[in-house]
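Each chain carries a letter (A, B, C and D) given by its place in the written order, and its residues are counted from 1.
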Amino acid sequence: MSFFIQILANSLVTGTQVLLFAVSLYLIRAVSKTEHVALGAIATFIAYMFYVMFLSTGSFIVSSLFALFWAIVFGYTSFALLEKFYKNNDVLLGLLASLSFGIFLESLIGIIFETDAKSIIDGVLPVIDFGLFKLTTPGVITIGFGILLTLIVSFVVLKTPYGRVLRSINENNALVSSLGVNSAFVRSFVYCLGCILTGFVGVMIGLNSALTPYMGFQLVITGFIALFVGGVNDIRGVVVATFLLSLIPEFLINYSPSSLEFSASHKMFFVFIIAFILVMYRPNGLFSKSIRKS
Amino acid sequence: MRKYLVLALSSLVVMGCGSSMVEGDGVLKVGVIAPLSGNAAQYGEETQRILAATLADINANGGYKGSDVELIFEDGKCSGSDAVTAFQKLVDIDGVDAIIPFCSSESLAIAPLTESVQMLAVSATSSNPEIEGASPYLFSFSYSDAVIGESMSKELSKFDKVAIISEQNDYSIGLKNTVEETLGEKVVVSETFEATNTDFRNSIEKLANSGADAIFLNPFPGPNATNLAKQMSEDLSKFEGVQFVSQIAYLPADSREGISELTEGMIIVDSPVLESEEATVFSNNVKTNFGEVSALDGYYTLALSDALTNLVNAANKTSDNSIAMQEYLVSSPLVGWLAEGSSFGDKNFVPGIEAAVFKITDGEAIIQK
Amino acid sequence: MKKEKVLSVENLHVQLGQRMINEDISLDIYQGEIVGIIGPNGCGKTTFFNAISGFAPIDTGSVLINDIEVNNLSPNKRAELGLNRSFQNVGVFKQLTLEENLMMAIENSEKLPWNWMLKSKLRSYVDEKINEALDDVGLKGHKKSLAGVLSGGQLRLLEMQKLKLAGGDLLLIDEPTAGVSPVLRNELANQIKGLSKDHGRTIVIIEHDLKFLFSLVDRVIVLVDGKKYIEGSPKEVQNDKRLKEVYFG
Amino acid sequence: MGYYFSVLIKIFISFIQSVGAHLSLSQAGIFFLAIPVSYSFMAYSLAILQKKFGFGVVLAFGTGLFLTFLLGLVLSYLYIRVSRESFTVLTAASIVGFEAFLKSFSDLTGGVLGISGIMRPGFMKSLFAIMVVSGVVMLSMMLFEYLIFKAPLGRQIRGMKESETLLESLSVSSSKVAVILISLATVLSGFAGGLEILRIQFLDPTFGGFPNLILVASIAILAQKPRVRTLFLSTLFVVLLPEILRFFNFHPSQMGHMRMLVYSGMLVVLIRNLSGKFKTNSRIV
């Protein structure tokens, strides 16, 4: 029993990390039609910035502010980089540009910090005992903040006028602008938001395990998959899909008969299988509705 | 579009210039193929530091027949196809006289080429048993995984239930395979994680839940090893009365910093570290003057140094000609920290390296009888 | 003694989501006539077209083209049966040149071999047809430029030429005058008349510009809330009081 | 000479592999990302058939190619069966999924230890021979793509990117076009993988994967125009640029990263310049 709970708890931590990536990808895609895959590298870079500041000052607040600053910088950089493709409706080029930008950042990190894994906190992490399971402090923060942030974002998207603007921009940019909304500003804002959410994940990973220049990649891929499986226009679907994709494999790995010898290295294989099944079963996203096309 | 054309042409020109170098010019050039980008880049960086340190010593002592030895690096990314292109660039453009490949994948990929162009390749780190007999021009100063694997199995066979956690790299997997083959049913759980993974908590949970009385920690040395141990130490109560067994990963003293509680009493199976003064001095010299070495600390630092030293030695004894050097290596006794006295003969792995068993007592790795 | 049916629709029901868009529509279209469909916005005119041409799912009822039931045929299969349509948002490829757009139409109607472009005879033949068509609407100058650069009206004219070349004896034309200047409207009307008179096509038109429509068609059908409301000759419909109600309440 | 031969072979093979991507991804706008999967799928079939089932090289190559073709049919079926976006994600996921499969099911694939000593056919023993063969294949591919662009299929492909509805209304089945394209892309990519593995004779899970996707996608997307020439030029650019960078003497410990930095940097700049170049800013009607 406690084994089950413990696995669940651990998987929730990693799941939440993916979740924030999926949500950021969703937001950015919603306003700019771009899959901003560079988010992985951006998050990593932000985490390294936090790491540097923490080494020199040792203060969480200062480091967090510094990281926040960089998140905003990257938000605007992304905007400056990708806006043109949005304007020209060059989806593919935008994707490729984002991809290259990600590689660019990763190499930059490699040059500045070199590639060996960096732990922000040296030594063994303190764990909080919840009785049935134990979690590290960063783990708890990840789950807590992660879920909270997701709830806030989902609320804003689904229930507020901002959310309606956000959803309509993708539908018809010209129309929204004609309603007096500065859609360019909305986009730049969403880019920043995305960078902040993922940056938070990056820092948390640095605190919870370790930083490597390439750590963002698998997160962004899984987030990307969750985004599409959940349904690109449906944030609830994205959230559910994320947890399905990050929890089910863990249990397959830990509860399959040992004769099958499934282990952590099989994870992405199972992610694919599950994505496959979900897509076959719900081709247009988990909670898809059919809409009138003219 | 013109842009492309200009670039394409200019590139060809550049290559043309490159190829104007000639071989056998009394200068000894050694090419190094190591991962300098991608996930394994750290090993490349550390390789570069260790070799730089060795090179400094060599050139200080006269280099190759009085002239300085040159090192030329290429990025092999631990991937076969990149290694092959790198190999050809080093041979055709830079006109190197010998090559030091890093990953087993790089060594195995260039093996056929070394034979066809008769280019000597000496690795210090490739431990994939496949290398035995791959090419008469390919040697490794690492021990074959089989060597450590056997004694490791012997140690583990003392227990009834064994759990294994391995990193997904050729060194660890090679070791894991040998152990699993010999132990068979005794292995209750064999967990494998990707080299890029940094959160091992679920795997750790699985180990703790397996009810094994011995756990074989089998990551690659360096950050992953430290991380794994750190995350296991978060709740050691799960591992009451479990015997930890491991390989080179936790042998260097500073790899055990902060996790002494876990490593205390750990059994480590690995080739004997040199107790010699000079060896320690050399290793420390690398770290202090050339940069951090964590993944390749200990045995591999010395093995890499040996690889280069022996190449230069062979060249000094004969000439900077691959074939001559190869003939020297197979026929004559080797020099260096680890290989001193032994000789390759008809083997591709440096012979005579057998495993020793250590036990961590009071933070010190003590050799067992 | 009527001419044979080209299109016949029997109690067609189309439902999208919860909403019934077309409800129990039945009508027959006969060889060579021009039929206009009018009605207030959202009365399901375009959906009706989509249902016939296979872009909207049919709930119940049946659609027959040349007496062949097509309910379960994919759009391209229906097109092969001679159904051809234009679109509300102009049906030409804006990223292809005018020439290429017409080529595709010809390839479709004449079933040219895949390698026709390598045969000078066929090439000159196609080239001739294209020049002729473009000349007809004064677009020859733009032959090699992308369709995207044309104005709304020019695009419509190009589309008409495309429909002419694409063959098929039944044409569904959706709001041809949308975004077309009054000057070009007459030109457009002539084109459509031409399609019917000179090429013997049977034509169904959706149109908001009643004046334009009435001058063009032999028969008018009024849809309201997805149901067939009035049917008759332009005269009858024009004088029908109910029409006023429909439009001016 | 070996180096120049390898570079040329790399260009030839990359071109062969990119033809499929150029048609599907760049021209028809199908987000078909499984190209590296078929690339390594073919390589592994070839190696496994050779090593584990004792097939002769040529037979193994043929069988492997056939299996790859079947894979292509499966993928095309997916395309018809699921929504466009689901297709994108499945093909993307298949890359990571397949790599995990190769690494983990090591009894069949040799796992991270890889498969070494893959045989070459008698007529392709030397690097030069491989270059000639792949060169010939590339030339025929050039002709092939040229013909496609001339043929109706070429226009249908380009039309598809803009509006499948419009295509259908011209009695062209867009699914048929898609099936042709996807199977074609899969087979060509597989063929390239086969040639490449004959060149390096050693196979491990790093073969293919995302680096390969980035390579091919860059080539295909940079070659926006429906012209064979543009595809060839962008192949030259994307393959040669990293090779040129080999000749700049960066400090060894940074060499790899520096090259990636410059490469990706130039790519970003180039892409930004390309954006909107070959499109008409068509009026809003």
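Basically, a residue touches a chain if its C-beta (ideal position, glycine included) is under 8 Å from a C-beta of that chain, and two chains touch if they have at least 3 such contacts.
Since the model is a prediction, treat every value here as computed from it, not as a measurement.
Any chain that touches chain A and also touches chain C is listed here: D.
A comparison of C-alpha centroids places D closest to the centre of the full protein. Chain centres here are Cα averages; for chain B and chain C they lie 73 Å apart.
Chain B and chain D have CA centres that are 33 Å apart.
Inter-chain centre distance (chain A to chain D, centres taken as mean C-alpha positions): 29 Å.
Chain C and chain D, compared by their mean Cα positions, are separated by 42 Å.
The set of chain D residues touching two or more other chains comprises 103-104, 253-254, 256-257, 260, 279. Each of residues 37-38, 41, 45, 168, 192, 194 in chain B touches at least two other chains.
Looking at chain A, one finds that residues 107, 110, 114, 217-218, 263, 265, 267 touch two or more other chains. By the touch criterion given at the top, residues 3, 6-7, 10-11, 13-14, 107, 110, 114-119, 122-125, 127, 134, 136, 205, 208-210, 212-215, 217-218, 250, 253-254, 258, 261, 263-265, 267 of chain A touch chain B in their complex. By the touch criterion stated above, chain C contacts chain D in their complex at residues 53-55, 74-77, 79-80, 84-85, 87, 89-96, 100, 103-105, 107-108, 112, 114-115, 117-118, 146-152, 155, 166, 178-179.
Residues of chain B touching chain D in their complex: 1, 3-5, 7-8, 10-11, 14-15, 18-19, 32, 35-38, 41, 44-45, 48-49, 71, 73-75, 77-81, 84-85, 88-89, 91-93, 104-105, 108-109, 111-113, 117, 128, 130, 134, 168-170, 173-174, 192, 194, 291.
The touching residues of chain B, when paired with chain A in their complex, are 37-39, 41-42, 45, 168, 188-194, 196-203, 205-206, 209, 222-224, 226-227, 230-231, 233-235, 258-259, 292, 294-295. The residues of chain D lying in touch with chain A in their complex are 25-26, 29, 81-83, 85-86, 88-90, 92-94, 96-101, 103-104, 210, 214, 217-218, 221, 253-254, 256-258, 260-261, 263-265, 267-268, 271-272, 274-276, 279, 284.
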